[in-house]
Amino acid sequence: MPFVTVEMLEGRTLEQKRALVEKVTVAVEEAIGVPKERIHVFVKDLKKDEYAHAGVLTIDK
Amino acid sequence: MPFVTVEMLEGRTLEQKRALVEKVTVAVEEAIGVPKERIHVFVKDLKKDEYAHAGVLTIDK
Amino acid sequence: MPFVTVEMLEGRTLEQKRALVEKVTVAVEEAIGVPKERIHVFVKDLKKDEYAHAGVLTIDK
Amino acid sequence: MPFVTVEMLEGRTLEQKRALVEKVTVAVEEAIGVPKERIHVFVKDLKKDEYAHAGVLTIDK
Amino acid sequence: MPFVTVEMLEGRTLEQKRALVEKVTVAVEEAIGVPKERIHVFVKDLKKDEYAHAGVLTIDK
Amino acid sequence: MPFVTVEMLEGRTLEQKRALVEKVTVAVEEAIGVPKERIHVFVKDLKKDEYAHAGVLTIDK
């Protein structure tokens, strides 16, 4: 513990996902003083037909 | 805010997903008086081997 | 199935929550043609120190 | 109710998923005395670029 | 990994929760052959005004 | 989008939660180049009887 889940629009590169999990882990480590060995990060891609804002799917924007 | 997540069996058409996010957004707007610009809806498909009821996967029913 | 989760800022009345689950259930029923007996809705309150937008907690806004 | 979600690394066979939902359902039934007809289990696969421990993606280990 | 989340109506005793996490962990261990040291279980209570089936909150049933 | 959820053991101060959401938002901003106005962070406390590792609740460790 802690467990961090990031949900974001699909399309990021593996490089970006590497940077994301690394920077988020450091951020959690610094903010609440937990060693990174206890930090789990999940990265979930959202397709454009899986997310809507103000009643309209991203695919339709 | 608010954030709405709908998990359902895969297989719905894009048209159905459009209707779903639109109607759910209106429902939330009417029920708790939040403008639709602040309503986020996630639609997640479940495969038949990802959901079980009474101990049996949907794929086996 | 389907399963709907609504996460929103705490403070709504029981009446509002009743209207919310009822209207969301009807919305799902109409949009994807599933009978309401198969629709589950979860309503989760978020405290003001549990949600941040643009790096600032709601409690600090 | 109850609802159980299992998130695990992708790659398990359908047979393993069958055993998983069955055994988890029995475990819940025995532990809290709820009939299996009221137990829902979700099984979600995580890709190797979707999970990181100690700041490193599984794909990079 | 894996990560198991159990959502259930509030009211279970600590004893029941102990039995739940133990039995679910064994079930996962047996089903997919992962040592229990790598199994995380979350138990989340749902209040009666947080869950609705067929458009009606549990509190109103 | 993106949406970040942090689940951690209860007990952190408001100051720590402030630092957490701020640092995590900056981390996401830097890693995938999204402006912080589009980043939402949820912080969820887990009680000691809500999380188990290796079949044992934190409350029993």
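A few remarks follow.
Per-chain numbering from 1; labels A, B, C, D, E and F assigned in written order.
The rule we apply is simple: a residue touches a chain if its C-beta (ideal position, glycine included) is under 8 Å from a C-beta of that chain, and two chains touch if they have at least 3 such contacts.
Nothing here was measured: the structure is a model prediction, and the numbers come from that model.
At the interface between chain A and chain B, under half of the residue numbers involved are used by both copies, so each side presents largely different positions.
Note on interfaces A-F and B-D: more C-beta pairs are in contact across A-F. The equivalent interface to D-E, defined as the listed pair sharing over half of its contact pairs by residue number with it, is A-F out of A-B, A-F or C-E.
As a whole-number value, the distance joining the C-alpha centres of chain A and chain E reads 25 Å.
Taking the mean of the C-alpha atoms as each chain's centre, chain E and chain F sit 21 Å apart.
Shared interface positions of chain B, i.e. residues touching 2 or more other chains, are given as 3, 7, 22, 26, 40, 46, 51.
Of all the residues in chain A, the ones that touch chain B in their complex are 7, 46, 49-57, 59-60. Those residues of chain B that touch chain C in the complex are listed here as 1-9, 12, 16, 19-20, 22-24, 26-28, 30-32, 34, 46, 51.
Contact residues of chain B toward chain A in the complex are 14, 17-18, 21-22, 25-26, 36-37, 39-45.
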